[in-house]
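Please read the structure below before turning to the comments.
Letters A, B, C and D name the chains as they come in the text, with residue numbers starting at 1 for each one.
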Amino acid sequence: MTLTLNHYLLVSGLLFSIGFAGVLLRRNIIIIFMCLELMLNAANLSLVAFSRFNVGADGLPNFNAQVLTFFIITVAAAEVAVGLAIIVALYRARQTTHVEDITTLKF
Amino acid sequence: MNPILFYLFSILMLGFGIAVVANRNPVASAMSLVVSFFCLAALYVGLDAYFLASIQVVVYAGAVMVLFLFIIMLLDLKAEQRRKFNKLAIGGGALVALAFAAQLVGVLGSHPRGDKPFPELKLPVGESLNDLQHVGETLFSLHTLPFQVIGVLILVATIGVIVISKRELK
Amino acid sequence: MTVLNFIVLLPILNAIAIACGAPARKSALLSAWTQLALTIVAMCGYRGGFAYGSTWAVAPEWGLNLTFGADGLALVMLLLTAIVTVAAVWVTPKIEKRENLFYACVLLISGGAAGAFASVDMFFFYAFHELALIPTFLLIGIWGQGERQVAAWKITIYLAVGSMILLVGLAKLYLAFPEGARTFDMIEMTKARHLIPAAEQGGIYIWLLVGFGVLISLFPFHSWAAPAYAAAPTPAAMLHAGVLKKFGLYGLIRIAVPLLPEGAKVWMNLLLVLLVANILYIGLVTIAQKKLDWMLGYSSVMHMGYIFLGIAAGNAIGITGASLLMLGHGLSIAALFAMCGYLRQTSPSLAFTSLGGIAKKAPFLGYAFGMAAFASIGLPGFANFASEAMVFFGAFKAGPAATLDFSSIQLATVCGLWGVVISAVYMLRAYRQIFQGEPQANVAAFKDPSCSIKWSVILLLAALMVGGLWPKSMLNFIQPSVEALIGK
Amino acid sequence: MNNNEIIPWFILLNPLITAVLILFVFRKNHGTAATVSTMSAFFGLVGSLCAFTLAPTHTLVLWIDIPGLQIPIGVQLDHLSQVMLLVVTGIGFLVHLYSTVYMEHDESKARFFGHLSLFMFSMLGIVLADNFAMMFIFWELVGVSSYLLIGHWFTRDAAGKAANKAFMMNRIGDFGFMLGILMLWSTAGTVTFKGLEAATGTLTTNPMFLTAAILLVFCGAMGKSAQFPLHTWLPDAMEGPTPVSALIHAATMVAAGVFMLARIAFLIGLSPAAALIIAWIGAITSILAALMATQQDDIKRILAYSTLSQLGYMVMAIGLAPDPSGGPAMFHLFTHAFFKALLFLGAGAVIHALHHEQDIWKMGGLSKHMPKTTVTFAIGTAALTGFPLLAGFWSKDSILAAASEKSTPLYIIGLCVAVLTAFYMTRLFVVAFLGKPRTEAAHHGHDCPARMTVPLLILAVLSVIAGFVPEKWFFSAHQHFHWNIAIPATIAFAVGTAIAFKIYSGKDKDPIRVSAFRNKFYLDEIYGAIVAGTQDVLAYIANAVDSLISGIVRLAGMAAWGVGFLFRLLQFGNVQGYSFVFGLGVVGLIWFVVFK
């Protein structure tokens, strides 16, 4: 049996679902943050798969997608830094990392 | 790529992904995440994206994970106390995630265009794929402006992090 | 740059300077007096038609130009703006909080109103009015008294909705012209008025009528007026009731009357019903008021009915009278609000029952208030009488002659005449209760106002008397413009 | 401009300048104000005397001049206005002179004289007006000056109320007046009297319309000349200072309605129906007022009701004989002005001497202490009641002659009024001046200084001789002396006087009490009820409806707030909850897009 694009997309989708389930189920904000990273990486995986799938006339993968992935990784790194800083600040203010305890958005 | 390797790394990746969600201890979650990312890097290799695979290892498995661990240590987070489950919330969350996955399967199952093997790369004889060069060329020729913007973004993020952290030190 | 540009820009620039920290009261007074002087210069140099034109292209691809220009009618309105601005700045008492911002807002209202009156471009005509509305809301909300927040919200929501409806109407009007003939230039529009299909006019007119109507407090969109004027600080009440409210009427005369004559016919009976309600019904509501500021607020709503009557008449006499009445009403209500503001400063309550015998303590105030009250109920000698008479003459002439079978506008005229009786009832009752009788205990320490209030009231009354004793001085400006507008 | 044109303008503007001067310059300078005002009134009188000799002129400037509407301010000096000028300035001067004493110690004397000059200006404007619009302008201005003068002592509540009432009643009349002007103008296309005279052809095309227009214009006269049912303000107006009552509310302003009717007599002549209604309204006013006068105790009020009654007479005369030269109405106006001013000034002298005592039952025996006043008052009474050969006798006869020609019922009413007039005036004279003093104050009565007595004497002389003016002053046709009118009129006078003597001489209190007369037929109460029942209730209802409209508007605001409240419930604050909803939305969206 050969590998098709759908295999990769399925894996990517499952990883996304796992990440989304984590976001919905876990209460610890750091773990929620990790799950967000999982979701981002799932998207990256599908992008790379598409890159490999769409071989151009020159016989090479479509590197635009890889550049996009590169950007996503970069932004994700920055996001992690800012996000973790916010979490630290939040922890200092509230002494908790539990989202259930952080409900100031309520009216 | 060898399908066996693909299945191996995929299952490992998904398994450790589930471990990230399921572990009570944040440190264990973080370590599972590292493994998951390593497997993902392996999948990238299988897709002939060597540069991205190495970036994945360096940035995610390296820098990001260190940050996570550092913060977990800094905040001295213990394993979660067994709190009272809100069964409705858990059930609902799982249901949505499952529904999402099911929809995915449905979409892929009815998508014949993707149900084809990956085409072969046409490379000059005796050369391997120099993807680093191609990514670099694409990045600096076609996407220069976004690249610059990303640079600014990182700068802003750096400043922002300092500001957020500093304020608390007052 | 023409003198007209200075008239518009001066208060706006001055407002910015004051907001940035220039000495508030002094620069505001200087600006107001200069504005008045420039307006008088402009009027002296006026030789007919649209004068002092100037244009800056803002967005040529959309045909949007910042065009200024003034005909006689606009000049008279600018004169009203300038006089009321001087008086409003002059009567302003000591402001405790954020004085600079207060004066900046006052000048912005003046600048916005002047800009609206001097604009030839329909877009900026609208935009300048909005520019003047915002500081009005701020003045009521920040420096007002009583239920200022409620009143500020009420007027904001009302006028914003009115402006939106008006915007829709103006857009429809713009689109009613065939492609190629579309323009924002109101002079060009007037020239090309025959291009608007007669069948569409009714649909546009009602939007304009309701939109402008909300701004003018046409019944039943009037309930913002009295609470807002009661809550507003004195200069804001003077400027809004005296000047800014006239924008809607000016707009009707400038846009709806010349461009949509067929539309006016379609909605004539509705307009007549509403304006009679403005006169009779609001008149009765005014009689029922128990406080001076509310009564003045309602009376200003009521007098809008007469101006509408003149506009509804649609002939040169009625519209000329309506225009002159805009001047007269603006000056008289500004004078009344100025004195009401002084009474509020010095007496704990404005309820009629808690005041009495003030004329004994403050003879000047008794005289001046009496004159302003007489002016507002249309006594000869003041501009209001001359103009109301013209409105009645014009409206009555709009119907058939030599028959007792009155047409609807003639019946409306009869109702309007009865309104004159009603206005005498509430004005004289208020005057008697506040100023006549033995001085009550709580006005024992009452004194005549300071020079600045005295002279600003004198300025307003003098202008009223010039317009009343020698109406030709104003009619020479208004009448040719009106003739040009309605196309004789 | 030649003399002919300057003099009327001088007469008109002279008091205006005086008023402005006094009110703005001599505000605090009481003595100067009085002198300036009196001098100006004197110049006015001189001017009027000059004007009387001039040929009729007519000059104008356009006040409003736009296509379709020309309103001139013009002076029309003709026979009618020449005579009226004499009355106004003559009595005006005497009252000014009298006031310098009467108001000597008033603390706002300057204001009083300023307003008095303002009144002179307004009144002269009416007299000289050449068109309806100008007449309306000055009509309103006399209303204002009357308001100011009635309310001169505004710290008294009653004065303020009376001033208000006078103004309001006039406003109601003016509502009709203005409407009538509009109707005439819209048909004839002009407001000038000459223009209307030229346009009679157009006006008579629709007789109903013309009648309605005339009656509406007459509404103005009903207000100003206090005709039933708008008469109730005049007795209350007696709250003003007595010279004001003499000048404004007896001799001149209240006669303006009659003057205006005389001005448009050519129109009234075109509509017999309107003339008849006017005559009847005059007659009704006349008899009602005379009945009310019989039971009043306040000396000024008796005179006020008598004025009402006599004004009714004049209006009746206009209806009966609309003569462009004035006719019997203007004749009676002329004579009445003198003797009624005399009576009021005499009453003022009494009030002044008795320190503001106005109740006739607290007087008595004044003839001993105040001989000059008593004699002049007696002459005035005699002239009013129609004592043969005095002024009132002639003018009343001319009215009764006109009535006997046109309508028997009106003639009978006229005779009844003559009897009643003699009755109540004799009652007043007997109770106040004869008999014994009933109070302390009445013991110490004394004649007033010369500046007050001289006007009385002059007016007394005029009251005697005013009936002998040349016939052509008032009548376009030759008048015959009718014995068959003069004899019944004299009998009426004699009967009224005799009955009053019989009943009242030597009495200390009123032997007759007719509460309907005493309470003015309860008209004030009825009007009060009507005002309270209609205007105030309507105002109350309108105010309630207005709150309802505000409420509906507020309801819209409430609705927005309610919707906001509902949506606010969705903000439960749990991040995961939000993401759950978000995920649900995505799933739903995918389902909708892909699988549906």
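In the analysis below, contacts are C-beta pairs under 8 Å (C-beta built on N, C-alpha and C of every residue); 3 or more make two chains touch, one makes a residue touch a chain.
Source: prediction; values computed, not measured.
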| item | value |
| --- | --- |
| Neighbouring chains common to subunit B and subunit D, by label | A |
| Most remote chain, CA-based centroid, reference being subunit B | D |
| Pair joined by the larger number of C-beta contacts - A-D, A-B | A-B |
| Centre-to-centre distance between subunit D and subunit A (centres being mean Cα positions), rounded to whole Å | 95 |
| Centre-of-Cα separation between subunit B and subunit A, whole angstrom | 6 |
| Distance between chain centroids, defined by C-alpha means - subunit B, subunit C (Å) | 67 |
| Subunit C and subunit D, separation of their C-alpha mean positions in angstrom | 35 |
| Shared-contact residues (touching 2 or more other chains) in subunit A | 20, 24, 27 |
| Shared-contact residues (touching 2 or more other chains) in subunit B | 89, 92-93, 96-97, 100 |
| Touching two or more other chains - residue numbers and ranges from subunit D | 576, 580, 583 |
| Set of all touching chain pairs, with the criterion as stated earlier | A-B, A-D, B-D, C-D |
| In the complex with subunit D, residue positions of subunit A that touch it | 20, 23-24, 27, 32, 99-100, 102-107 |
| In the complex, subunit D residues that touch subunit A | 568, 571-576, 579-580, 583 |
| Contact footprint of subunit B on subunit A as seen in their complex | 1-11, 13-22, 24-28, 30-31, 33-35, 37-38, 41, 44-45, 48-49, 51-53, 55, 58-61, 63-64, 66-67, 69-71, 73-82, 84-89, 91-93, 97 |
| Parts of subunit D lying in touch with subunit B, wherever the complex brings them together | 576-577, 580, 583-584, 586-587, 590-591, 594-595 |
| Of all residues in subunit C, those that touch subunit D in their complex | 154, 157-158, 220, 223, 281-282, 284-285, 287-289, 315-317, 320, 357, 359-360, 374, 379-381, 385-386, 389-390, 392-394, 396-397, 399, 401-404, 413-414, 417-418, 420-421, 424-425, 428-429, 432, 435-439, 470-472, 475, 479, 483, 488 |
